[in-house]
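One chain, subunit A, appears in both complexes that follow, with subunit B as partner in the first and subunit C in the second.
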Partner chain A sequence: MTDATVAPKRRGSSWLILPGIIWMALFMVVPILMICYVSFWTQTTFNISSTPTLASWKQFFSSDTYTGALWTTVRIWLIVLATTFAIGYPTALFVGLFVKSKTLSTVLLVICVIPFWTSFLIRVLAWRPMLGKEGAINIILMKLHIISQPIEVLLFTELSVIIGMSQIYCVFMVGPIAFMLGRIDRNIIEAARDLGAGFGRIFWKIIFPLSLPGVVVGAIFVSVMVLGEFATSGALSGRKVNLLGNIIVTQVGSLKWAMASVTGVILTVVMGMVIAVFLRIVDLKQEL
Partner chain B sequence: MESRVLKPILALYVAAFILFLYGPFFVLTILSFQQGPDGGPQFPIIEWSTYWYQQIFGLTPPSRIAPLPVGEALIRSLVLAFMTMVTSTVLGVMSAQAFRRKFRGSTVVFYLIVLGMMVPGVLTGLGTSLLANNVIGITRHWYTTAFATHVAYTYPFAFLVMLAILNRFDGSVEEAAWSLGVNPWTTFRKVTFPLIFPGVLSAMLFAFTLSLDEFPRSLFAAGGTEDQTLPLAIYGTFSVEIHPNIFAFGVLTTLFSFALLSVYGVLMGLSVRRARKLAMQEDIA
Partner chain C sequence: MTTETAIFRVDGVTKSYGGVKALDSVMLEAGVNEYLSLLGPSGSGKTTLLRVIAGFEVPDAGRVYFQGRDITGLPAHERGIGFVFQNFALFPHLTVRKNVAFGLMYGGETVSAAETDKRTQAVIDMVGLTGMEDRGVDQISGGQRQRVALARTLVMQPKLVLLDEPLGALDANLRGRMRNELRAIRERMGVTFLHVTGSETEALAMGDSVVVLDRGRIIQAGKPDDVYSTPASPAVAHFLNRFNLFSGKLSQGVFTGPFGTVAVPKATRAADDVYAIRYDRVRAQPIGAVTSGPALKATYIASEYLGSSVMNFFETADGKVVEVEHHLSLGAPQTFEPRQDYLLTWTPDQAIVFGREGK
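Showing the complex of A and B:
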């Protein structure tokens, strides 16, 4: 054997992948299959048995609480997706394209990431003294004489959930978009400008299409996290906003495993559809 | 021309954006210096004090507000994060190493692994607890079931980091070692590993911080109160009245992360300098 045939064989042995596959199969694939399986189990008040039944499924779709949670989840997901995009894109545009110095754009990105060093739950909780009736926003607005009465809809409403989630997740939009914008060849933009294109035209014809993979990756991050949320919605809405995640938590809390599983399957289906649609737009493996 | 108008506007916007990102944390920091034990978690500040910080360290006389139950939870979380970090980095390096050669079904395997970071914690947590609780019938613990779900979550991150590093890795140094008759394991240890070490550090950092702050998976997959990790202990205070002690704790954990990242930065700097030195020696030789 010559070295040429030995080398590629030694460089990566395929068995190295096995432990990873086994771990993911056992602790991700099997658990999700488990959710599907248990969703057909028979649930009584204190017990659950593996006799197959559709009872929990029927109960889900005949109850306004559960179907309501499904629509609330979809609604909040779409709103937060839109707000994180709207808030994040201009920032990414500045960081990725307008800042000429590499150092400054790195510094700005690090500034965006620093808040993540605070525990997620504490970041959620930090919105309470911001939004409350005697919270920072109301105090500042009253001091500035913009309002005379404190705004009460800020906390413990759907709005507070949306504000909180937008802040917590918008950085996941900024990162990937800024990355894609940073990779754009400046000469293309120069060329377009030399040919007389205005900024609006350059943006819509060149910048935005080239940043689209970043938008999709950011959207996947945000979607996955928002769809599986329950802590933010619970803590900032005073339990008024119930997402699918909240239903799962309360059902497990009262040992209603079958109902929690039905909700879990529905969440999985929603998630799968969302990811499939996004991946259809962009091939994730190619962008890496 | 446009950039002369647009750039300042965008710069202002970014400033506002940063304010939006940091606003809640500033307010939280201010309120953590609220007077104790009677001051509430809202404005106005009755009197500036470090009462709530002292309370965390058990330096205050007992009052009607119980101190945060974080002591043991913190240790559990740190141990769990360490276990998760080691396991997922080892798995990540191994898998990325395997991916350097095309093999059948590599795309499927790639998505199988990456799915781990996409599936919400609620689902893996629920599924794992169903599996343990209702099907196999074992007790859930932070160091068994919760650990398994944590690795299934952090390992994809470690894998992607290592994949990015190894994609840019020049294999000719390894071939040089092999052609000199060094066996693959020694080659990996003496040649490949030192070169990919900065990547390994990033993978470790990712895994550690993600696991330390992991909440939904632990909520389902860890057992009862004797299994509480730090995020679970914090979550426990959500349901009852909140006090400024949790704000003070938030400030402290943030400072801790800063310290952790500084250590990472120093290690990274050292390893980059060492690599540069090695490269220079090679140039001379």
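Showing the complex of A and C:
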């Protein structure tokens, strides 16, 4: 097609993008610009002025509390990403590929979503009576005489945050992968088997590469949600685990707008980099 | 054909799905270096039979032999039988070369990298894909994808290749060309092809022999011209799509049908009394013309120009459509008036008659 044939079409339908532009400008571009701007404001104990300064940025990178929170966030994100993938991929493999009936695989996916019928906070808080010193897991293990002392590391530690987040976000990994696996033509797998490839080879050379777009979409979902988390770490770590999200909540609570903005900008940049890396792995435009 | 020269033999294979018999004690044999086409309407069990031979399905009863060995319990990849899928089933994320090399690279036996490259390139050249090696399989045409599917199978050097409606996904023009290609490639490789198709022209054109399958049973097997000129049953005549079939009554050498009574010197034994006359054997004459043979009054509806012939459609009083084919090599076609009645006639000894009292 030449430009001449495309141009009139574009002119006629270009107004359709207007609501989207207004929406994104109001709720994304302007707030992000505001945060960037405020991060350079001058903060005193009881006041904030728009005099530009790098003080908040310097403070962020010179304080162990803040850089520590950054590394904790990255560490917990990587661990949760790994556990959701480790648990989610086999589940998706079963739901999307091994279950032959489409109805059954839909039913199984709906079952995965059932926990979402309760609110997010309830799901987080429900882990407390499970993991606590006198919680369900410790009681059961003690009744079974597997342990004699309750395991204290289960609650109000980094471990409890990881357990809680993995459970909550796992389904976001399962869904996209199961969708991609469900789209694989069964004849392709039979063809590979007919050519003499065993299950391992078929999995690594055919199934896994074809499911990769699902893995990337799932990983983006989980990453974006985990990186911005503050509620799970707040509720299950007993304030011991501070993520960038928790820092922002605390700073906003004490009206430290400049510091909250610095943290916000850093979090946004980290997320942007993570998404960019994932999109480099797979060309989603082509695969979906 | 004897068992010794047969490359594969299917012996009394039965397969049911939920109480419905897809295959009913099928017996089938093919020789070395042969092109066998398997014709059947959809639901006749032809794909199931192919999948049983390939090893994707286990038969309920019966045995499958390949190169003199009982392979009934053997998994698909240990059989050494190639399978070309209806929709090609190419690996969508791999290039042409990697698709073709897949079996050599990841199959059961270890093949050196140099050997893999050599064999892959040789097969790619043979099917005419030279220069396309590094393209993705979504960047090539339907006919080229077909060749990749074939090359991917042939590179494993099977003695038998099963093709499940291999031309079904191609457009008519390409189908014609790929028919010749398939035959030529098979002759070069010297392997046996078992080609399943729902198209009677394809089955007749391609097979050294044709096997007709209906409702899980083989109802005729033979050379294409034998099957074409002497169908064994009304069902075969129907699948060949070249015959007008009339039901009636065969009694003591006389067939009574919508066209009157005709003496039948010779009839083929069948469960129903059916009179079959080929499309190109029927002539249409004006009402009132004197005919020596059978005469059937019918109304002209329409005609279809087919290039080398014209197909005329007539409708009888009881609503049955009779097709009359006129080969243009025999002269200019007759012109008919729409909605006018004509008299259809033919030479009685060109008809094939089936009946309970046939032999």
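Note that in this section the second predicted complex is superposed on the first by the 269 of 288 C-alpha atoms of A that agree within 3 Å, B and C clash if a C-alpha of one lies under 4 Å from a C-alpha of the other, contacts with A are read in each partner's own complex, and residues count from 1 in each chain.
To be clear about the criterion, contacts are C-beta pairs under 8 Å (C-beta built on N, C-alpha and C of every residue); 3 or more make two chains touch, one makes a residue touch a chain.
Just so it is clear, the model here is predicted, and its values are computed rather than measured.
After superposition on subunit A, the partners subunit B and subunit C are seen to fit next to each other with no clash.
Looking at the shared chain after the overlay, A:P150 reaches neither subunit B nor subunit C. In the superposed model, A:P90 makes contact with subunit B only, not with subunit C. In the superposed model, A:G182 makes contact with neither subunit B nor subunit C. Number of subunit A residues touched is higher for B, counting subunit B against subunit C. When both complexes are overlaid on chain A, the residue A:A197 reaches subunit C alone and has no touch with subunit B.
When the two structures are aligned on the shared chain, A:L210 is found in touch with subunit C, with no touch to subunit B.
Think of it this way: put the two complexes on top of each other by chain A, and the tightest Cα contact between subunit B and subunit C is 8 Å.
Applying the stated touch rule to the two superposed structures, the overlap between the subunit B and subunit C interfaces on subunit A comprises residues 198. Taken in their complex, subunit C has these residues touching subunit A: 54-56, 75-77, 81-83, 85-87, 89-93, 102-103, 106-109, 152-153, 156. Residues 2-3, 6-7, 10-11, 13-14, 17-18, 20-25, 27-28, 31, 41-43, 91-92, 94-95, 97-101, 103, 107, 109-110, 112-116, 118-124, 126-131, 133-135, 148-149, 151-152, 155, 159-160, 163-164, 167, 171, 174-175, 178-179, 184, 187, 209, 213, 215-216, 219-220, 230-231, 234-235, 238, 242, 246-247, 249-250, 253-254, 257-258, 261 of subunit B touch subunit A in their complex. Of all residues in subunit A, only 3, 6-17, 19-21, 23-35, 38, 48, 87, 90-91, 93-95, 98, 108, 111-112, 115, 117-123, 125-130, 132, 134-136, 139, 167, 170-171, 198-199, 220, 224-225, 227-228, 230-231, 234-235, 245, 248-249, 252, 257, 260-261, 264, 267-268, 271, 275, 284-285, 288 touch subunit B in the complex they form. Against subunit C, the residues of subunit A that register as touching in their complex are 185, 187-188, 190-198, 201-202, 205-206, 209-210.
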